[in-house]
Amino acid sequence: MDFLSDNAAGVHQAVLAAVAEAAPACASGYDADPWSRRLDETFSDLFARPVRAFAVPSGTAANGLALAACVPPWGGIYAHVHAHVEVDEAGAVPFFTHGASHILVAGAHGKLTPEGLEATAAKRRGDVHQVQPAALTITNATESGTSYGPDEVAALSRWASARGLRVHMDGARFANALVHHGCTPAELSADAGVDILSFGCIKNGGMSAEAILVFSPELAETLPVRRKRAGMMPSKGRFAAAQVLALVESGAWLDNARAANAGAQRLARAARSRLIHPVEANALFLRLHAAERAGLRDAGFAFYDWELDGPDAARFVVRWDQDPQAIDALARALARLP
Amino acid sequence: MDFLSDNAAGVHQAVLAAVAEAAPACASGYDADPWSRRLDETFSDLFARPVRAFAVPSGTAANGLALAACVPPWGGIYAHVHAHVEVDEAGAVPFFTHGASHILVAGAHGKLTPEGLEATAAKRRGDVHQVQPAALTITNATESGTSYGPDEVAALSRWASARGLRVHMDGARFANALVHHGCTPAELSADAGVDILSFGCIKNGGMSAEAILVFSPELAETLPVRRKRAGMMPSKGRFAAAQVLALVESGAWLDNARAANAGAQRLARAARSRLIHPVEANALFLRLHAAERAGLRDAGFAFYDWELDGPDAARFVVRWDQDPQAIDALARALARLP
Amino acid sequence: MDFLSDNAAGVHQAVLAAVAEAAPACASGYDADPWSRRLDETFSDLFARPVRAFAVPSGTAANGLALAACVPPWGGIYAHVHAHVEVDEAGAVPFFTHGASHILVAGAHGKLTPEGLEATAAKRRGDVHQVQPAALTITNATESGTSYGPDEVAALSRWASARGLRVHMDGARFANALVHHGCTPAELSADAGVDILSFGCIKNGGMSAEAILVFSPELAETLPVRRKRAGMMPSKGRFAAAQVLALVESGAWLDNARAANAGAQRLARAARSRLIHPVEANALFLRLHAAERAGLRDAGFAFYDWELDGPDAARFVVRWDQDPQAIDALARALARLP
Amino acid sequence: MDFLSDNAAGVHQAVLAAVAEAAPACASGYDADPWSRRLDETFSDLFARPVRAFAVPSGTAANGLALAACVPPWGGIYAHVHAHVEVDEAGAVPFFTHGASHILVAGAHGKLTPEGLEATAAKRRGDVHQVQPAALTITNATESGTSYGPDEVAALSRWASARGLRVHMDGARFANALVHHGCTPAELSADAGVDILSFGCIKNGGMSAEAILVFSPELAETLPVRRKRAGMMPSKGRFAAAQVLALVESGAWLDNARAANAGAQRLARAARSRLIHPVEANALFLRLHAAERAGLRDAGFAFYDWELDGPDAARFVVRWDQDPQAIDALARALARLP
């Protein structure tokens, strides 16, 4: 009964079938195959505007390349103190950008606000002696299991645009945020001022490909050569493209996110009083004493202690393919806690 | 009848089956799954020594990360003027190494020799005002369809070691070189002084993973964090590892290379007088006038003009899964040329 | 009556004389001239141990190159939130290190403590997914006009060494800290566990050269080539070396620091109740309302508002060659404030 | 009697006087002092067009920063095989550019020609798999003691512009080329299509500053922050600016170059039959057997063997302040050789 991470999940049948279908083909290399050539169109339809789409092998790669398209080597990127790019990517952003720095901003429940950003920005001078702010990155759904709705994203984007900053969204769990808010993909991204989106697939039923989606076309100019020289333009690119297409075109990306979110809500109802953050995606963070955590682990539940939220915090993530019986068992176990 | 490139080939059944087998599993993320954990052992068995193995998503990534493990940012890398790292990787080596440069060396038939290397090295001063030579990279099989045997590799390695240089082998077509020379994997690499090998899978029946194999253990120290920050440590790492394991453990990697090489020999016999380079792997380079090339294309054969070998050169690559009838047809067409 | 910065100061006569003396000479280029060759010896004498010394053209360059010698591109550097490397060097550290990040730590009066460092470190996991801590940087005297004594430096170094971190000191105002504490240069640096020191000259009577001093010899290995490829190994290196030597060998570096510190103390006595930080070098930070600041400026005093210490903060820096009458005038003006 | 290099020369009196004049001043830091603020105007007058000028501490720094302003990290820079940026700067170009590569082109007497460039360019494909050509760098006077006249520069620039490449001139010895051709500074640079110039001072009577001159204003946009983060915006910037201004405004830069060139011509007349390259600046390259070189050294002349021109080549450089008697003595010694 593993609630450690959604990246431990299986691969959706539609993805596997698409890969198998592409396997025996003799196809042009790199991006010249029929699957890769369909990416732009599929995402342009999905977001109801011209979109350039690039398949990449990981979320870290998506974030690194997307931000490199936004900022110069001396750029600064406003980011939440708990942002995945800061906490979990081993310096990938300075690697891909050739040296850009995060400008860290605190905020309750893993979320940035225009006020919090402004308080940080007000302390900066902006002269040539300082890192030059060039982008804002928002994670949606956040690392704390919360999510921004379209109005919140738009407010952040307005703050950023007014300062000449690009807006990047780390959407490793974009689908989870989307189904929580019940809006269209465009409403939660491009319509709300997002320039470029790391579109997550792997945690949500994919296998080994994510996508960078570019809404502001000038940001796409350098991406082909950046991707190539980063070793992320695979010669058999059809296998990456086919996975992404299958997830989106089958609708599985939304079904899977709904399933995972529903599981998280089921657990949230069972542990209402222990919630550290609102549950607005597929993860929940609970206040649990050491003995309680030990008890749950003895009962067969796997999950992480979460020091970022204090010594008594624990994180539970519900996968798209999580066994409903495991969810029920965990819900009951949580409800039984005194 | 596509002879453009072996990266247009299909995926071997064993690879596809392995991926399908891993798909429904709930597995620990990153490299903690059972497949990833088996990589070192499998390659240690294959090379009869301790080997550290890292799966990566492309040959460019393998070369870039492997060379970054060998050289500092101010390092120089001796390479053939036609080396893939120089000609076809869009500056991936300076990207991954943070600025290392190639020191280009000419050599007949795509091959380096100790004499050629020495002639170039003799013109360098070696003081602090110059790029500091730190590695030699050898492509085997070469970009010209030739290959080095164990003695040739050993001679190059001796030259390099005497100057304190690391030896990297770009083995995008290592299997093709191996079966041509009929030696063991170790004889063509670690025994012959190679420190680190880009072990090619994708052109040889794989899907979306290559492997970096480290024979000199100190070179493995920085690779985990380099790979992570380069966005190449996928959360569902089992799919990359499973592909590589399947190809090796099934023996398909050797069968596929033998099939491709045999096809190339079949063609070589048909066009003996037109060969620009000896055929020692799965590619052949032919002297063909423009009219002859046009005729072959009209007859349905696809291949590249190869300007690097002059205005009348053409390259034909035989895939592991090339239709024997297509090979026969091309052989007949070549034999019919005046 | 300019109290904006000590980098507005003049050049000490000894420095100018040394430059003039070197001017007509025909001397070997780069570091082969007699002045450059004397650097190591002079600083080895001064610190009573073997020291490698490298002249560089700015404090930003000294910090960037020194930290690059300490950390890999994926390294993390513990630094105070107000550290010059973070606030005032436009990303020079990620530039010279190829991507290392600051791990920012708060602390009263611009100073780090082992407790503050530990609290930040305790929230980090240290696995391959995170930036890898590799160094601690301490500014002494600090950006807040305070300074660490030998015991404080030693305590920080012990904390760092226990975690395998290198210790760098940004000593742009090392002399000011030194004369404040009345210890030897070694006691405030190498004896206290500092591996490498940016030895400031320019603010203290120099013209256009600082020095990197290396106490841990292995850190000197890469510096010659790093310095050369960063364009900081000037062909007429004698002019940089001669400046540094003159300042040290004449004793002016200590005299100048004493003069500047004494001026700051004079001002501190006049504005005791307004001090934001203890005055332990040549700068003071005062709580002054907007009207008070305007009044001082109307009276001819130039100084910076200092937002980092809040809306009513102002910074005054005393130069080594500050006119005593200007200091007296400012002291009187401050004392007259209600 | 040292003919090793012009970077061993003394400093011109006007430069030293200017530095001394700036020394006692209290001046605003960084580029806000009166000297730094006069740079643009002085060079705009000299080149009869708007020029942005940036002082930097070395020729390597000038070339690195200037080329970084011209090319992206994945850019290619056409350069002569013997170019200083390739042979003598330890990889500074990939350092400052974050990875750009030289595309090396051969050419007689150290000079590039449009034909030579075209022959190299014709072998490149230009797709996303290759380094993307973005600039041409020309050294004038060249590393072989020859120089390009305005028409030659214009022809190279036309070739470059037609391919969308920026044109950089490494003018470490720009003055020597200029006085040889007897044209205006603009005719040899901006009028002839040069976008950005490394304007050499140090070899020509300067002390520790060169200048980057930007003729195409959009290339100046990133230079202030690039220069700052590279540690090359010194706090007492007036000393760098004052040197450059003094050399130019006093006319010494032309007088010095004329003196050095005349010395080289004097030597050339004495050794006409041994010249390897035409003498069009202040260096000459002579064919001399080992015994002849030994004899000259025994007679007190210092010079370099020059392996790049073969085993019997030697380089002699005449400094602006070379003792006329030493020149005469060398001329006589050369003339006496059989």
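Per-chain residue numbering starts at 1, and chain names A, B, C and D are given in the order in which the chains are listed.
The rule is short, and it goes like this: a contact is a pair of C-beta atoms (placed from the backbone, for glycine too) under 8 Å apart; a residue touches a chain by one contact, two chains touch by 3 or more.
Everything numeric in this text was worked out from a predicted model, so none of it was measured.
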Contacting subunit A as well as subunit D are chains B, C
Which chain is most remote from subunit D in terms of Cα centres? A
So how far apart, in whole Å, are subunit B and subunit D when each is placed at the average of its C-alpha atoms? 41
For subunit C versus subunit D, what separation do you get between their C-alpha means, in angstrom? 34
Give me the residue numbers in subunit C that touch at least two other chains, ranges are fine. 30, 73-74, 89-91, 95, 98-99, 128-129, 132, 225, 228-229, 233
The residues of subunit A that touch subunit C in their complex are 73-74, 76, 87-91, 94-95, 98-102, 104, 122-123, 128-132, 307-308
Of subunit C, residues touching subunit D in the complex: 2, 4-5, 7-11, 15-16, 19-20, 22-30, 56-62, 64-65, 89-92, 95-96, 202-203, 206-208, 225, 228-236, 239-240, 319, 321
Where on subunit A does subunit D make contact in their complex? 30, 72-74, 98-99, 128-129, 132, 222, 224-226, 228-229, 233
